[in-house]
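We just call them A, B, C, D, E and F in the order they show up, numbering each chain from 1.
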Amino acid sequence: MTHDQAPAPPRSTLVITAHAGDFVWRAGGAIALAASRGERVTIACLTYGERGESAKAWREGKSLEEIKGIRRDEAERAAATLGAEVRFLDAGDYPLLATPELTDQLVGIYREIQPGIVLTHPLTDPYNGDHPAAARMALDARVLAQAIGYPAPGDVLGAPPVFFFEPHQPEMCDFTPEVLLDITEVFETKRKAMECLSAQQHLWDYYTDLAKRRGVQLKRNAGPNLGLPHTTYGEAYMRPYPQVTEELA
Amino acid sequence: MTHDQAPAPPRSTLVITAHAGDFVWRAGGAIALAASRGERVTIACLTYGERGESAKAWREGKSLEEIKGIRRDEAERAAATLGAEVRFLDAGDYPLLATPELTDQLVGIYREIQPGIVLTHPLTDPYNGDHPAAARMALDARVLAQAIGYPAPGDVLGAPPVFFFEPHQPEMCDFTPEVLLDITEVFETKRKAMECLSAQQHLWDYYTDLAKRRGVQLKRNAGPNLGLPHTTYGEAYMRPYPQVTEELA
Amino acid sequence: MTHDQAPAPPRSTLVITAHAGDFVWRAGGAIALAASRGERVTIACLTYGERGESAKAWREGKSLEEIKGIRRDEAERAAATLGAEVRFLDAGDYPLLATPELTDQLVGIYREIQPGIVLTHPLTDPYNGDHPAAARMALDARVLAQAIGYPAPGDVLGAPPVFFFEPHQPEMCDFTPEVLLDITEVFETKRKAMECLSAQQHLWDYYTDLAKRRGVQLKRNAGPNLGLPHTTYGEAYMRPYPQVTEELA
Amino acid sequence: MTHDQAPAPPRSTLVITAHAGDFVWRAGGAIALAASRGERVTIACLTYGERGESAKAWREGKSLEEIKGIRRDEAERAAATLGAEVRFLDAGDYPLLATPELTDQLVGIYREIQPGIVLTHPLTDPYNGDHPAAARMALDARVLAQAIGYPAPGDVLGAPPVFFFEPHQPEMCDFTPEVLLDITEVFETKRKAMECLSAQQHLWDYYTDLAKRRGVQLKRNAGPNLGLPHTTYGEAYMRPYPQVTEELA
Amino acid sequence: MTHDQAPAPPRSTLVITAHAGDFVWRAGGAIALAASRGERVTIACLTYGERGESAKAWREGKSLEEIKGIRRDEAERAAATLGAEVRFLDAGDYPLLATPELTDQLVGIYREIQPGIVLTHPLTDPYNGDHPAAARMALDARVLAQAIGYPAPGDVLGAPPVFFFEPHQPEMCDFTPEVLLDITEVFETKRKAMECLSAQQHLWDYYTDLAKRRGVQLKRNAGPNLGLPHTTYGEAYMRPYPQVTEELA
Amino acid sequence: MTHDQAPAPPRSTLVITAHAGDFVWRAGGAIALAASRGERVTIACLTYGERGESAKAWREGKSLEEIKGIRRDEAERAAATLGAEVRFLDAGDYPLLATPELTDQLVGIYREIQPGIVLTHPLTDPYNGDHPAAARMALDARVLAQAIGYPAPGDVLGAPPVFFFEPHQPEMCDFTPEVLLDITEVFETKRKAMECLSAQQHLWDYYTDLAKRRGVQLKRNAGPNLGLPHTTYGEAYMRPYPQVTEELA
C-alpha cells in the first residue's frame, strides 16, 4: 500500500486508550505482532483507570496515589512484554472528559510519532463513558494534526488508517468484527502481558477464550484449506475509514 | 493471508453479475489488475441484460435474439480487453428470478473455478431487482459449495472473501465504500473495455468521472504523502464478511 | 416538478394494496384529496382480505364466497365515497404470495394507468406478511413497466414517485413519518369512507384519533404561525425514492 | 402476564429449528429450564442437517440415509436429556427452501401445540441460509395460525412471544443480546445434551465457554449484589415483538 | 430476578427527567403501579421546564420565578397523586446543559436512593435537546455510581435496569416499543395526575388516546385469549441494556 | 404549504455553515435559485475556515489574519454572485467548538431573519468535526428560538423546514439523497461563484461533475418523459424533519 520510491522508515503504531489496562486485553496481539516485525509502538494512556477499573485496590483501602502507582507499574511491565512504549497523560478517569486541551496534547503526540496506523476504542460503550471519550479525542486529534494551519509543533500528519479494537461487550457497542487479525504466533506474549495485570486475574482466561473464539471465526472466514494451526488465536477490529489498497484480498 | 507451505497456484477470481455490462462499469479495474498479475478471472453473467438494459436496441426495433447477440459480442470483447473469460447463463432478465436450479449452476462453477476471491452486486438496489437476485444466488451458492454434503461435482470450496462492487446509485443501495482500490495503472484498459459497450456511450464519461472521484477519496484516506499520482483512479467495494489478515494496514 | 411545455393531462394516482380495506384506513385522505382536485385514482386490491382480515364474518359462519362478496361491496362503496375506482385481483390472502404472474398483472396496470404517483404498503410488517408481499410486487412491477424490453401492452412508464402509507403498528415496521399530508379539508369524506367498512367499526375511532395525532405533528413541524385550523387532520407517508423538486420547501 | 381467572394449563414451548443440532447448542438451557418447571417443550426440526452440518459423516463415506439416521438418534437423545419431545419434518437442508407447504405444516403444529412461547433462529445469517429460511417460516406460520380464516385444524392461536436464540457468529447476524437467561441451575443438563452430539465434540467446550461469557454479562447487567454464584451460565435471546408485562423489571 | 436468600427491602424506583411535567405524561402509569405495590418512587426533575414548556405562562406575562413556582406546585401535586416524591435540581432549561457537576449531583441521588429500577428519556429527540441531555447524565451517573473509586457518599450502586419512556414524537426519536406495560388498573390515577397540570389541558386527551393505542398494541401482542378488559391502557418503554431473567416470558 | 389569508412577505432562507467556502460548493444552487425568485438569503459563516481549509495559504507563509482576510473576500464575492448576504461569526475553526454562547448568537440571527427555510451541514462527518459542530448548533438554536421563554430579542420562530446539504464524502457521513433539487437554470451562476474561490481551483470541476451526477439521478427519479434538458444539474439534500405538505408529489 505504499507508492514511495525511497525506502520508508519502519512503520509506527499509535495506540490511544482510556485506561492503563485496555491496550493489553484488546490489542495486545496487534501490538506484539507489530513489535515482532521491528516496528515502533507507542501507547498513549489517557488515565490510569484509577477510579473506574481498580475496584479491588479501593476495597483494600489503597489511596488514590497508591492505586495510580500500581496501575502504572503493571501497564509498564505489560507494555515492555509486548515490546511497546507507554505514556500516561493522567487526565483523570470516571469520568474522563473530552476537552480541547487534552485533544491538543494528542495532536502533539500524533505529530511527533507520525503513526502509520492508529488503534483506539470504538465510539459507543453504554457500560463505560470513558472509552467513547477517548475515541472521540483520538479521532478529532488525528484530523487536527493533518491541518497545516493547526498550531502545534511537528510535521503535519498523513491519513493513517484507524482500527477500533474490541470492547468488553461487543454486541452492546455496535461492534462488528470487520477485520480478524491472526495473532497465533504472538499469543504467548499476549498471555504474558495479561498476566502482568495481577489485579484482574479473572480476565486472563476470559480474554484467552475470546482469542480462541475469534480464531475460530478467523478460520471459518478464511476457508478450511489455509493450513491454519488447530488452535488459532485472533483479535477483532473495526475500520471507521475505508481501507485503501492496491489489491483485493 | 496464506499459511501454505507449498507454492499456491495463481489465485482465481470469480465475478458473478446479473447483466452483460455490469462487470465492466463496476469492476473493470479490479479485473484488469488481477489479470495484469497473471491471475485467472472468470465472469459468470446470469443474463445478457437483453430486456432491462438494452433500451436503445429495442427502440431500434431489434429482435430479442439480435439483442442477446449484440450484448454477448460486446461483453466478450470487453472481457477480452480486461484479460478475463466470460460465461453466459442466459437465465432471462427483467426479472431475473432467484431459483434453486440457477443457484445449483453457480455451485458447479464455484467448485470448478475454486475462486480465491469473489465479486458480485450488493444485496440492495431499489432501481433494479435483478442485481440483488444475482447477489443473493452468488452468496447462497458460495455457502452451498463449501458443504461436502452438497451433491455437485468438484472439490468443496474454501471461504473466499467476497466483495460487493459499486451500484449505479450507491447511496440508495446502502453502499458505503469500505475498500478503495487503486486502479490507476490499469485505468486505460478499463476505459478501452468500457468503449466496447458502444450502445451505452453516455456511461463512458460517467464512470470515468466516478473513478476520478473514488481516486480523490482514496488519496484523502491514504494521506498526502504517499507519492500517489496527480490523477488517481479508484473503485469502491464493500465486504459482507470480515477481512482475515496477518497484519493491520 | 414538470418541465413540459404541452399541457399535461390530469395526474393519475395508483394505489396498490394487499387487502380490500387497506386503502381506506391508511390512504383515504390522500385519495380524497387527489379526487377533489379532479385527478383519477385507481386502487388495485390484490385480495379481498377474506381470510386474514375478516375474523368477525368467519365467527358468524359465513362462507368464503360470502365473505369475499361482503368485502368487495364494502370496498366499492368506500372507494366511491372517496372518488376512486377499485379493481380486485383476487389473488388469495393469508398468505398472499409474491409471484411473477401477479407482478406481471401489475405491470399491465401500470402501463395502462400511467400513474403520476404510486401509493403502497411499506416493505416491513412483522404482523402481516401480505403487506410486504404486496409492496414488493408493487415496486418490482413499477421497475419492469419502465423497461421498453418488458413484453407487456401499453407505453413504458416514467418514474412516478412512490409513497408508503402508514401501517397499523408503525414503530414495529421501521415506519418514520417523512411526509405529513394535511387532509383536514377532506377528513369528513375519509370518515364516511371508513364507515362503509361496517365490520371493523372499532377502527373508525382508532383511525380518527391517528389522523388527529398526525395533525398535531403536522402543526408542530409547520410552525405555530401558519393559520392551521384548531383541529388539523393528517396522514403520514414515507418515500423509498428521493424527492425531485425545483424548489426546497 | 396472565389475566385469566381460571387455572391455566402448564405453558407449552415450541422450538422451531433448521437442523437437528440447533436446539441443543443455542437453546438447551431454556428448554431444560422449562422442562424442569414441568412445562411441555416440543421441538420442530425442519431438517436433520444431513448435508450442511454433517461434514464428518460425509468424509467417512456414510450414505445420506445413514447420516439422517445418526442425526435423528443424536437429536432424540439430546431432546430426551433436556426433557423435550422432538419432531422431524425432513424437508431437506442445504438449501432449506421456504415453501407454502412447509409453512402450512408449521401452522398445523402451532394449532396443535398452542405454544405459550416460541423459540427460533434470527432472520439474518450470512453463513447459513437455512437458518433465516426456518425463522421466516416460523414467523409466517405463527401469524397465519392466528387467523380464524386460515384453513387448518385446531383452535386459532393467541400471540405467543417469540425469542430468537443466538447464532454461531452473533455479530455478523445483527444479533444483540436483549434477554440474558440465567441457566446456571440446568447447565449440567445442557452439557449432557451437548455430549449426545458426538460428531461435533469440538463444539462442547465452545458452547460451554459461550455460556460462561453470557453469564459474565448477565452478572454485569444484574449488579454485583444479587447473590449470583461465582460461575453463572447464560443464554442470550432477542425479541422480535415487544414484551408485554404488568411490571417493569 | 433475585437470588437473595434474605428478604429484600421493597424495590425503589428512580425517575430522572428534564422538565417538571415529563414524568406525568410519559411514565405516570409505571409510577402509579410501583406505588400501588408499596414501592418507593423518587422523581429527580432537572429543571422546572420554565422556559421551554411554559409558553402559556410567558404569554400571560408571568415572571420567571412565578413560572417556576407554578410548575413546582403542579408537579408536586401530580407526584403526590401518583404516590411519589419529587425533587427539583433547578438546573435551568432551554438549554439544559450536561455538566460534570450536575452529573455528580445525580450520582449522589443514585447512591442515596439505591434504585432497583431507573426511568428516563431516550437519547434522541430532534425537537427538544433537554431530553437527551437529561438522559445522557442519567446514564453516565448510573455508571459512575457503580464504581467504588468514585468519590461520593453512600454505597456503590448495583446495575439496576433502565427504561426509556416514550417521547412526544416517538418515530422521530428512534423510539420502538420494546416493553408494553399494562397500566389499566391505575389509569384513573394517571388521568388525575395529568389533570394537575392545568396549563397543558390540551395534552390530557392526547395522552389518554396514546394510552388507549398502546393498550391496543398490548392486546395484539398478548393474544386475544388473555382476558384483558375491553379498554386496556398501556405505556411503552425501551431497554438500553439487556433484560436479565430466570424465565423467558 | 401556507394557509395564510394575508399576502406573506417573500420567504427568507438562512444558511448556517462552519467555513467560508461551504455554502458555495454544497448549496450554491439552492441559494441562487432562491435569490432568482426574489427571496432573501442570509449565510451565517461560523468561521473563515482559516486553519482547516486554507492549506495553500499556510504553505505560502501567509499570516492568520491575512488568511482570514482572503477567505472573507472570496466568500463575499461568491455570496454576491449568488445574490446572498454573508455574515461571519469568526468563532475559530479546527476545532470549531459548540458553545452555549455561539448557539445564543445563532438564536439571535434566527429571530432577526425569521427564515422560512434553513440549510446546514449533516450531523456526521468523520473527516471534519467542525461540520457536525455547526449543524448541532444550527439545530439547537432553531429549537431555542421557537420558545417564547428563551431570553433573546425578536419574535419567536415558527418551525421552518431544515435541509442538510451534501458533504464531501457523502457515503461516510450517512448522507442519502432524500431531495434532488434541479439547479440547471442557475448552474452557470453557481459555477461563477465557485470560481470566486481561487485557492481551491481543483474543486471547481469536482463539484461540476458532482452536479452532473446528481442531475443524472434526478432524471432517473423523475422519469424519462419530463422534458428535462440533456444536461441537468442537481444538488442533493436530506431532511431531518418530516415534510409538511398539502399534496403528495
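Basically, contacts are C-beta pairs under 8 Å (C-beta built on N, C-alpha and C of every residue); 3 or more make two chains touch, one makes a residue touch a chain.
Just so you know, these numbers come straight off a predicted model, no measurement behind them.
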Inset, instruction - Name the chain whose C-alpha centroid is farthest from the C-alpha centroid of subunit D. - result: F
Inset, instruction - Tell me whether subunit B and subunit D, two copies of the same sequence, contact each other through the same residue numbers or different ones, using over half shared as the line for same. - result: different
Inset, instruction - Go ahead and align subunit D to its copy subunit F using Cα positions, then give the rotation in degrees, nearest 5. - result: 180
Inset, instruction - Could you please state the distance in Å, as a whole number, between where the Cα atoms of subunit C are centred and where those of subunit E are centred? - result: 37
Inset, instruction - Quick one: report the Å distance separating subunit B from subunit E, using the average Cα coordinate of each chain. - result: 53
Inset, instruction - Among the residues of subunit D, pick out those that touch two or more other chains and give their numbers. - result: 127, 172, 177, 217, 220, 241-242
Legend entry - All touching chain pairs, where touch follows the definition stated at the start: A-B, A-D, A-E, A-F, B-C, B-D, B-F, C-D, C-E, C-F, D-E, E-F
Legend entry - Residues of subunit C that touch subunit E when the two form their complex: 127, 169-172, 175-177, 206, 209-210, 212-213, 216-217, 220
Legend entry - Residue ranges of subunit D touching subunit C (in the complex, touch as defined): 100, 103, 139-140, 143-144, 147-151, 240-242
Legend entry - In the complex, subunit C residues that touch subunit F: 1-5, 30, 33-34, 37, 117, 119, 146, 156-161, 163, 177-182, 217-218, 220-229, 236-237, 239, 241-249
Inset, instruction - Spell out the part of subunit F that touches subunit A in their complex, as residue ranges. - result: 50-52, 54-55, 58-59, 67, 94-95, 97, 126-129, 172
